[in-house]
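In what comes next, subunit A is part of two complexes: it sits with subunit B in the first one and with subunit C in the second one.
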Partner chain A sequence: MEIRYWNKEVETADRQKIEQIQLQRLKTIIASALKTPFYSRRLPVAGIKSPDDIKSLDDLRKIPFTMKDDLRQNYPKGLLSVDTSEVVRIHTSSGTTGIPTVIYLSAKDLDAATDIMARSIIATGAGRTDILQNMMSYGLFTGGLCMHYGAERVGMMVIPAAGGNTKRQVQLMKDFRTTVLHITPSYLLHIHSKLAEYGVAVGDLALKKAFIGAEPHSEGTRKKIEELYKIDAYNSYGLSEMNGPGVAFECVYKNDLHLWEDAYIVEIINPKTGELVPDGQEGEVVLTNLIRNAMPLMRYRTRDLAFLHTEPCPCGRTHRRLSRILGRSDDMLIINGVNVFPSQIEEVVMKIPEVGTNYQICVEKYGELDKLIVKVELYSKMFMGEAKQIDNLKHKIAEELKASITIKPAIELHEPGVLPAFEGKAVRVVDTRPKL
Partner chain B sequence: MAKQLHVFVENKPGRLKAITDNLQKIGVNIRAFAIQDRGDYGLMKLIVDNPEQAHLSLADMGCACALKDVLAISVPDRPGNLHRLLTALVTGGINIIDAHGFVLQPNRQGICVLEIENLAQTNAEQVVKDAGFDILDGDQLYNL
Partner chain C sequence: MKIKQISVFLENRKGRLYDVCSLLGQKDINIRALNVAETESFGILRIVVNKPDAAVSALEDAGIVARITDVIAVEVEDRPGGLADILKALADEDVNIEYMYGFVEKSSDKALMVFRFDDVDKAAKVLKKHNIKIVTEQGVREL
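So, the complex of A and B:
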């Protein structure tokens, strides 16, 4: 098997060299962080007043964890270290009604993120002769644009198809001889179920590879994709807080994901105690971004559960490998690649006067895709006796939820008192999708 | 004005029975009913002999229900009469949201229960009367 590298020296560096890069970059990040309102309050309390207070990588652990809520509370500029004139791009999370989180990138940050993305692409064996159809959403979501930039840097021909419109996607694949897809696994499976309807056979396409990510999936799902399309599917991992999809990527050996340790310091912790767990043991992924200075983010708790491999990979890369994501340590749902917190749904639903006090969030597999169903009880005093009122109400709830969480759920209205009531902590989410 | 009771009902077994259970307990008599099906739910529409009491009792039970004004029209049971009534309403620019009807005495009297869009703002009653039909008030309808 031919192994190619984007930056061989870094990708195959020994542990000592990696740690040397990490320490040097961490100091730079600390210098930037001390310019932000958020970290300039927080770091001195932890005994870090200047980059020189970081003597070794172990000093990182003096820094308290940063949580998603810190990002929300410091929206929009509390973690910005530079003037906005230095910023060339922002990305934000999905919440448009709640407080979103925002990520800022300077030109230099964007360049570094693009480079890591290019490295990830090359690791899978894809290259400049490939044609990438990028089927992640563009816009505020990082999945589309970040992959787009990385693929262009590699020199691939990029088809910025974004999500949706399955028939046109297939047409594009056929007409332009797409060889690589960037897509959520559930959507890729869904497309396969539509091919016959469009009169297209897998053999009519030129597909060779797929980068699958943005939602947890099992090894079985990967195998199914590979068999159905006769391609190689590679797992990717990333999150908007860390610059998007290139945090960790599988190489040609598809033996879990190389986490680019020169760009990110990874810690796996026990989500309950916050203590580090040994390599090989499952825990919450905590990341420190070493390549972004406009908005430094250190010891960010991702809430994703995974473990690290240390044994050498035949590809020669020395960066430790992250397992596939095994679950979440919080209640976030990932629905067709979109992150949704039940609290976002509650916020929207409970503001609507015709809705009673109880609701339920159901997630089901519908064919290959996830289906979100929000069940609400009708508030009896607001009922005027007309079917039109009910239909309008369903429409209104669906539209308001779409504005908040970007996906449009099916709405079921129920009679008051019908949904399960709770005496203790309410169980509002019923997720019947098969476990990984 | 005649009142019709509208009850929001999920489309699943046993929900209608929960309503009739309640009405039976309080001794309310159902004179006519219809169900407007909307897929996962429906509206049960009831003409009963004591709509206010029925409304309160169902609301106490937690039901989403409402009393609506309807036009209850006495239509002689003869060919062409419904057509004549509808023609008059169309000509008067009056829109029907939902309707049901039944024969009271074969070959003599039928009843049409009409829900009219924005009833209070229309001259629907006058149009119906001008077309030669009688409108029943609440007591007349409940005690047929």
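So, the complex of A and C:
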């Protein structure tokens, strides 16, 4: 198998060299962090008043974890280390409690993130002669733009198709002889189920590869995709807090994902105790971004559960590999690639006067796609006696949820007392999707 | 002139309509007219009964979502074009009908229609003007 590299020296560096790069970059990040309102309060308490207080990588562990809540509470500028005139782009999450999280990138940060993305693409064997159809959302979500920039840097022809409109997607694939897709696995499977309807056979397409990410998926799902389309599918991992996709990516051997350790320090911890767990053992992924200075983020608890491989990879890359994501240590749901917290749904439905006190969130597989169903009870005092009112109410709940979580759920209205009541901690989420 | 109709929110569940009717039966409440408007996931049951206030409290006590709505019941002459004449009078005066349903009066040969108007008062005026007989609350009780 031909192995190609984007930056061979770094990608195949020995552990000592990798750690040397990490230490040097960590010091730079500390210097930036000390300029932010958030870390300038937090680091001195941990005994870090200047980059010189970091003598070895072990000193990283003096720094307390940074949580998603820290990002929310310090929205919009608490983690910004530079003047906004230095910032060339922001990305934000949807707001769980009305407050989103924001990520800032300077020109230099964007350049570094793009380079890592290009590295990820090359690791899969894709290259400048390939044509990439990017079906992730563009805009505030990082999935679209981050891949777009990386692919352009590789020199691929990029089709910025974004999500949705399946028929047009297939037409684009056919007309432009798309060879590589960037897509969620569930959408890729869904498209396959529509091909016959459009009169298109897999053989009419020129597909060779797919980068599948933004939602956890099983090895079985990958195999299914590879067999249905006769392509190679590569697992990708990333999160907006770390710049988006390209934090870790599979190489041609498809034996889990190389996590680019010169750009990110990875720790796997026990989510309950916060203690490090040994390599090979499952725990929560904690990341320190080493390539972004406008908004430093250290020891960020991703809530993703995975483990690290340390044995060498035949591709020659020395960066440790991250397993596929095995689950979450919090209650976040990933629905067709979109992150949704049950609290976001609660926030919306409980504000609607016609809704009673009880609700339930159901997630099901509907064909290849995830389906979100929000069940609410009608508040009897607000019932006006008209069917039109009920229809309007369902429409209103769906629209308000869409504005908050970006997905439009199906709404079921029930009579009071129908949804399960809870005496202790409520179980509001019923996720019947098959386990990974 | 207005009479009380009870609207009941019913989700599509087996036996739900039975629950409501049997409850009213136990409370000695007589249904005079009935209509069900249904969608794929829920239905609205509309009933005219002899004791509307008692019916609503019985339903609410049983945790059933119910609400009183004002409607107008009119007598329709039982002849070809009898209903059409009424509808023409309403249309000519720009009165909008939200929904309607019919029932039969046992004591006479007249048909009865229940109308829900978006403007009940205006509708009542128009009906009176055209000498269309409106059934009173008392009338409903005595049916």
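In this text, the second predicted complex is superposed on the first by the 434 of 436 C-alpha atoms of A that agree within 3 Å, B and C clash if a C-alpha of one lies under 4 Å from a C-alpha of the other, contacts with A are read in each partner's own complex, and residues count from 1 in each chain.
Here, contacts are C-beta pairs under 8 Å (C-beta built on N, C-alpha and C of every residue); 3 or more make two chains touch, one makes a residue touch a chain.
What you see is a predicted model, and the numbers here were worked out from it, not measured in a lab.
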Subunit C versus subunit B on the shared subunit A, clash or fit after superposition: clash
Partner chain in contact with A:Val418 - subunit B first, subunit C second, else both or neither: both
First, second, both or neither for A:Gly274, with subunit B first and subunit C second: neither
First (subunit B), second (subunit C), both or neither touched by A:Pro100: neither
Touching partner for A:Gly385 - first (subunit B), second (subunit C), both, neither: both
Touching partner for A:Pro342 - first (subunit B), second (subunit C), both, neither: neither
Shared subunit A contacts, counted only where both subunit B and subunit C touch the same residue: 378, 380, 383-387, 390-391, 412-418
Subunit B partner contacts - residues on subunit A that touch it in the complex: 378-380, 383-388, 390-391, 412-418
Subunit A residues within the subunit C interface of the complex: 378, 380, 383-387, 390-391, 412-418
Residue numbers on subunit C that touch subunit A, as the complex places them: 5, 7, 9-11, 37, 39, 41-42, 44, 46, 60, 63-69, 98
Of all residues in subunit B, those that touch subunit A in their complex: 6, 8-10, 15, 36, 38, 40-41, 43, 59, 62-68, 97-98
